[in-house]
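Here come two complexes built around subunit A, the first alongside subunit B, the second alongside subunit C.
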Partner chain A sequence: MTGPSASVAALRAAFGAAVERDDLICGDAIVWVAAARAHDILTWLRDTPGQEYNYLVDVTAVDYRDPEHPLEVVYQLRALDRAEDLRVKVSLQQSAPLVVDSVVDLWRGADWLEREVFDMFGVSFHGHPDLRRILMWESYNEGHPLRKSFPLRGHYTRAEQTRQALGITPEANYSMEELSIAQAYNDLPKDMQERLEASGRLEGA
Partner chain B sequence: MGLTPPDSTGDQATALDAASPNFITTRLDFLQNWARSNSLWPMPFGTACCAIEFMASAAGRFDLARFGMERMSFSPRQADVLICAGRLPFKLAPVIRRVWDQMPQPKWAISMGACASTGGIFDTYAMVQGIDTIIPVDVYVPGCPPRPEGLIYGIMMLQKKIMGETFTDPTLRQEHLVNSDGLFLAPERIDELSEPFGNSVHQTRSA
Partner chain C sequence: MSTRTVEMALATPSIDASGRATRTPLRVPIPGQDLPAETMMVNIGPQHPATHGVLRLVLELDGETVLRCIPHVGYLHSGFEKLGEYRHYNQIIPLTDRTDYLSPMANNVALALAAEKLMGIEITERCKVLRVIACEMSRIISHLVWLGTTGIDLGAFTPFLWSFQERERIYNLQEMWTGARLTTSVSRVGGMMADIPEGFEAGLRDFCATFPDTLREVDTMFTRNAIWIGRTQGVGVMTAEEAINYSLSGPMLRASGVAWDMRKDKPYLDYESYDFDVPVGEHGDIYDRYLVRLEEMHQSTRILSQALDRLKPGPINVADPRVILPPKSRAMSDMEAMIFHFKQVMEGIDAPPGEAYFGVENPKGELGTYFVSDGTAKPVRWRIRPPSFINLAALPKMCTGALLSDVIAINASVDIVMGEIDR
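Up next is the complex of A and B:
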């Protein structure tokens, strides 16, 4: 891609001041939007004819070394039909609670990505169906490791870290409920639902 | 053509066979250790690139079967030696501990590679700084990752160690469980074992 993305101009026309800033870095179009309008803008980018960013490639976040610099949540979008990319960033001030609206209702794939951002950076996604840690274990209480304020070796002594680690119940991390296909019944395609019903594996779900 | 035995040997061999004993005398320790050291069934605990070298050791070119290790025991109940091949994150610490506790005596552990032995380059919040803070280890194999020859040398060292054991030593078969404060070693000992070393000492920007 060369030249500014047409989506940026269209966004400015549709949302005005909610589009804070845009830039073109190494051919990648990046647009910063207001946190309060982020969900509206992402919905618009997904649904508006001519935009149709139907694939959410990644959700991640960046914590800058400068403590005054806001933390940025990054959405990497792709329009599969046009093979066009757009990066949407939301700045969150470190002084306020880090909250942004979840986009799981727009792209189901955002579920685990947002859980990872929550786990690593402590950003809360409002409206997320199941916001809990995904990489660290659930009883992990040292904080959010990818924040710049988090020391490389963690807050506790190695002995305390080892003690807490040995106290984990492995079953809690790999629960059968999470892995059970019967729990996902409503989200499965029709032919799989029929096969599940025929197999009798739905009993007790 | 053909081999013609010298005249006398036929009768001599028959006489020897009839007279030779069908038992041998040896030390029980020797016999037991010989059997154990040549039939070590490994419990493979492969978490990273060391596991690739471990698999290479088991495959045709290096052939662990030469050491009586042809059977990978994926159940800890039938395993003799736990081989931790790769880095161990804290999240896996209770898992390796449980696998170790499930293995029946006699049992041994090999820590394969820099990460399993010391944490290696991963001196971070997420990584166990040497599996000897979690379970007792018999042999450490250095390398990143060690070549199959390195692992095989470690296994031969373990065999040598087993040959030196005696079943009258009650301390050898003691279980070292996690004690009441939730640790396998004393806290000071774990902190000491986990101290940064080498290049890692320059990383301490905080804590």
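Up next is the complex of A and C:
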């Protein structure tokens, strides 16, 4: 065995039951791992000599049309020296909270990618330094657009969407980091005010 | 700390014999004792010509030094990935025109390649060559926009006119081929929308013969220009380790000294059989990114010439009536062809259950297309790995500690296109 399949075999030897299953689909090696051990496994894949998947190509998620099917977080890894790709998937049951450990400490490139998955799918990344919406705005409250439960045109009617858009306070779109400078505290939604107080960034406001 | 060292690139705008900028670090005293440290917030964009689209940057400044840079994206979010889940594979192709709208043909090809990988379709020889031509033409026009706009951002107007003049010639060829300048939709799953028309080959050969002259003029204008060197060398540096850790790709990664090019390292469309070089920088600064992109245009011209030489007559589409629409005349006269036509238009092409990731070397970096299929004609998930989104994520890292004027140069050097970042 060579290539990604060898990595899968080595993973099984090192992590046992945390490696749930593996497959080769359209020539791509895929391995499903337990959410609790995902961070350990990704660290191992990055740092172990002989594996050295040092490049994070992509982080994304897949929500299936079957509502019983778990949502999957997908890490696309690459070993640049060997030009080998490995896809690591973490299944998250829809009934439980969607949480997985952040890999920003391993790859800084995961920062915006994980924010996008959080924004679009509602998956929380434990340990992410700055987990907030990225493509949608901070006060967007219709849910997570790429979930299958989200209708193509959104939950609200066009009239309601227009009403909300016209009622927006521009300052409310400022991120928490800027607020310490922008001093728009009083215009914020209540939950953001609480988060801001907890973050200790309020001095001077 | 009562003083700090500010490296001011423009303090001594001169170059030494080897063409590198000579710099004198200035010691700037800070009256820290009698003034409280007061920072200033500056908002750039979303409507600002130097942000290359609707990008908003919030900067916290100490004097002219950037302490924090917080980018805001999403102003152009159109939900392409969501829309794709409601469309047949061929119907997604027009959406790809609108992601990276500076290189639409390369996006079309990337999507078709991913769908073909998912469905296990082998495309014809002529189709491969035509797709290489489409990709390399896109690379040239995308880099030309980058060159022109970056020049303007740094105060050089002339190269902008030169590059847009050359770009116009490619746009004319694209219009000849597809009837559209921007919304090309040139590829189809299993083939191409159309074969190249008469006169296209001659036009492209003429372009390949004369385009390097323009590049040489740009070279004389920029490469040893004291102002250009002063604004770009040593600014926005990413080391090789950082570039890998930040998942940079394309010219951004190669300028940092990592010799990774999908065309060489994970070849597709028979790129391994073309003779071309991959330029690699060593300093990871804006100047190296400029050199890498300039040389890539030369190399793309080389590839285009070779592709034209090996363009042999033959079919452009696979001979599979379930995938490729029959000619209109047959669909109107032949019962079987009409059924295939009807089924394809109404029901689309069923992909087998499974998933496929296909990465191609787009002008901005690695454009990945990730399809998940449940066996129907519409994907469960269509994911675009957007190269300029991931490259832009390194902007705060590159801008922190730089001067305000450097932010414009660094942002330009990333080569972003908001259609792809916001999708």
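Everything that follows uses one rule, which is that the second predicted complex is superposed on the first by the 161 of 205 C-alpha atoms of A that agree within 3 Å, B and C clash if a C-alpha of one lies under 4 Å from a C-alpha of the other, contacts with A are read in each partner's own complex, and residues count from 1 in each chain.
By our rule, contacts are C-beta pairs under 8 Å (C-beta built on N, C-alpha and C of every residue); 3 or more make two chains touch, one makes a residue touch a chain.
Quick caveat: nothing in here was measured; it's all calculated off a predicted structure.
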Partner chain in contact with A:159 - subunit B first, subunit C second, else both or neither: first
Partner chain in contact with A:65 - subunit B first, subunit C second, else both or neither: second
Which superposed partner A:109 touches (first subunit B, second subunit C, both, neither): second
Touched partner set for A:167, first subunit B, second subunit C, both or neither: first
Which superposed partner A:74 touches (first subunit B, second subunit C, both, neither): second
Subunit B or subunit C, by number of subunit A residues touched: C
First, second, both or neither for A:191, with subunit B first and subunit C second: neither
Touching partner for A:136 - first (subunit B), second (subunit C), both, neither: both
Touching both subunit C and subunit B, counted on subunit A across the two superposed complexes: 136-137, 145, 150, 152
Touch list for subunit A against partner subunit B, complex: 136-137, 142, 145, 150-155, 157-170, 173
Footprint of subunit A on subunit C - complex, ascending: 39, 41, 58, 60, 68, 70, 72-74, 77, 79, 81-83, 86, 117-118, 120, 242, 244-248, 258, 260, 265-266, 354-357, 359, 366, 368, 370, 372, 374, 380-381, 383, 385, 389-390, 392-394, 397, 422-423
Subunit C-facing residues of subunit A, complex: 25-28, 30, 54-58, 60, 62-66, 74, 76, 80, 83, 85, 87, 107-113, 116, 120, 133-137, 145-146, 150, 152, 175, 177-178, 181-182
Contact footprint of subunit A on subunit B as seen in their complex: 90-91, 93-95, 97-98, 123-126, 128-129, 133-134, 178, 181-184, 187-188, 190-191, 193-194, 203-207
